[in-house]
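Structure provided below as structure tokens; questions to follow.
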């Protein structure tokens, strides 16, 4: 994570920022958005799993006038490994298995990180509703995102915008019309799959975004950043397809 | 399910309604809303799992002026048993295990059932966004519902409204402030747990609603309706607590 | 657990027995074997989950001359709740999910408890091989037991012996010929299901024994013992059928 | 699979062997045993998952005089993908999840395949008890194997024998003393992990053997065979480490 404003950091993390002098030289390590800035950077802040899945799904739309930018609601579902390798009783097998729950509604620390980046992309302040959920599986994050449309284009038109936006990206894949993203297809890979569906009845677009939280949502993205920094082939060490089942 | 209008049924189910003459004598079997009508009914339509979880979570708010009634977004997560005991390859173990996916975005057949009932409760037409998801667990439905607030009350104020609305209900439980609903707590029981959280930053209320889809979301509710119809104690055969783990 | 010999306890538990004077007044709380002794007892030692599943499966055969009593091998599979509600990293969700492993091969503390009871039943010393395994599920123990036969009866003959032995038992169910025990059928219940299969090729009988480790393997059995002690109906509070799925 | 005797095939599979003339030119594709014969072969029979896990675990001991070769009992635990991508109701999510069961006790079709190969390795007829179990996980086979010892060596001595036997094998790994095999460590890899434990009390050795049934137990092994046949590097396309979690 990287907060342009130490104040935002301190508010959400209840901690004093100890190195504000480094902020100016730090780049937010989402290569699809900041590749040019990452290449010469001296410090890269690796994004978290939830921000990666939400920002990649929203970036192309944030640059258009098609949506109400203050209407974004992201409902995310995460496998238990998202909590890290912890002895906390809440992540014990029987506490997580065979059930699902929301947590940190409206107060999760990834909210300011997402809002900052969506704000930069759109050029104005953005506030989102974000609710993470724990799902009884080891890996994977699926974000389902709801956005109000100013006008109601065809789904195919939005898919074209996304395909154009991500046309040179090795790790972002757009689902064909009628399909939504499924974490099964990205596990053990660095891919982010994005599905798009315009709901004409409600004048909303519903986006689905799937990553493996331990790869594109964590160390895989760190490797991708390192590859860029070091001038390596960007997909070096990251060319595994998703593995299913 | 029960559609007041055969036309709505035929549009969403692509089938001709074969018994429209029965509609007038049929009651929608959600006891918390229609107990009085169920008692003397000759035909009771048992609600599905998703509608039960969403309608119970929204009913008290639909009767107030606190919310924008056209802003409701319900994101639901269901265990695999929601698909029934089917040989469909999509519900085979390895297809469902260790992954999650959305389906039927904006077109699920439970949408008109939910819209009809929320519309009746509020006295005006309602359109909702509803996205069901498959979660790798056997039982349980969790619905996370986002609603824009006209004014922004304290969470505690809304909890009071809900406690009053459901004060005589044996099977609806309100979570205390700061807690959200968790399907772990309702499995093998007929309870519907509802959590409420006002997010002042975004001027939304986020509701969580958990049921066991095979009990309150299916046969348990049918038993509850039968008990009412037959004049039995309403919780007869339904007095199991949730079982965890 | 209950060890007739403090020495055996001290050897397997590496601890000094602090109340050897209580041993004479203590009964091993397996009602199917010790009901008469439990009734007037002042202290009842509740059996563990593995011993319950193995001893109930073996008891009828231990009283016959059909088997080689020194050839018993019990291979047990347990859900993770068998480890208790612990923060130990080994029982964290991602450590247990999607994999299986044996542990404590030949040295598990339930071995002397099983050997003592099988020895008492047969009237001679018994040594068994016992291997517990962790299975990625919350509840349930399945023990698969291999025993060399002196002579090779038909499976049906053994089922008759078991049916006779357990004919008055409310919580032991014999599988019909051709079926083996399945933990799915006993979860949330106090039942122990036993399957029997004679393998004529190898002159062995293979037994399968399924319980819910949290019920018949723990507190359910404790309630059953309390009911006997207090003169209550033995299945009071224990009359739930297994719940599946 | 490959049966030297069409008669054995016909007995266990209840089918007429349609190409007995090919048997002489066919090699059993377990590279660790038949590498020399596979290289020039015109037809290679790829072993099943259970036979791979059991034969690799037993091969070194079958060549010694340390064990009673008629005492082998293999208790195997398999993930659900072992059943293939099938619509059979028995492999539907809710039928498999949260429970475990044995099946085909003493009659599974992999028995004659295992007996044939262990017989060839030891130079005499072998009969084994083999019980497969379904475990609620997608991938992985763990076989726990019990063998009576003629004399009782130290565990370390047997590990040395195994290390020597498999010293040039890229895909067989011996666990260090005190550890048993765990399917978590081999998932998504072509490894077979083998654990060895001598139980001096019962004069038995207990072996644990873990593979990914979809890799070393199926297509991974087929690729390994193809590499040998075609003169490629044997681990080409198979150099993934296990992935955990």
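A, B, C and D are the chain letters, set down in written order, and residue numbers restart from 1 in every chain.
Rule of thumb we're sticking to: a residue touches a chain if its C-beta (ideal position, glycine included) is under 8 Å from a C-beta of that chain, and two chains touch if they have at least 3 such contacts.
Not measured: the values here are computed from a predicted model.
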More contacts between chains, A-D or A-B: A-B
Interface numbering overlap (same over half, different under half) for subunit B and subunit C: same
Centroid spacing, where centroids are CA-atom means, of subunit B and subunit D in whole angstrom: 49
Computed distance of Cα centres, subunit D from subunit A, in Å: 42
Inter-chain centre distance, subunit A versus subunit B - centres from mean C-alpha coordinates, in Å: 30
Contacts with 2+ other chains: residues of subunit D: 81, 94-95, 97-98, 136-139, 245
Category of the chain touch graph - line, ring, star, complete, other: complete
Residues of subunit C defined as touching subunit A within the complex: 80-81, 85-89, 91-98, 136-138
Subunit D contact footprint on subunit A (complex, rising order): 81, 98, 138-139, 188, 214, 240, 243, 245
Subunit A residues touching subunit B - in the complex, by the definition given at the top: 73, 75, 77, 79, 94-95, 97-103, 105-106, 127-129, 131, 133, 135-140, 142, 144, 146, 180-184, 187, 195, 197, 199, 201-202, 204, 206, 208, 210, 244-245
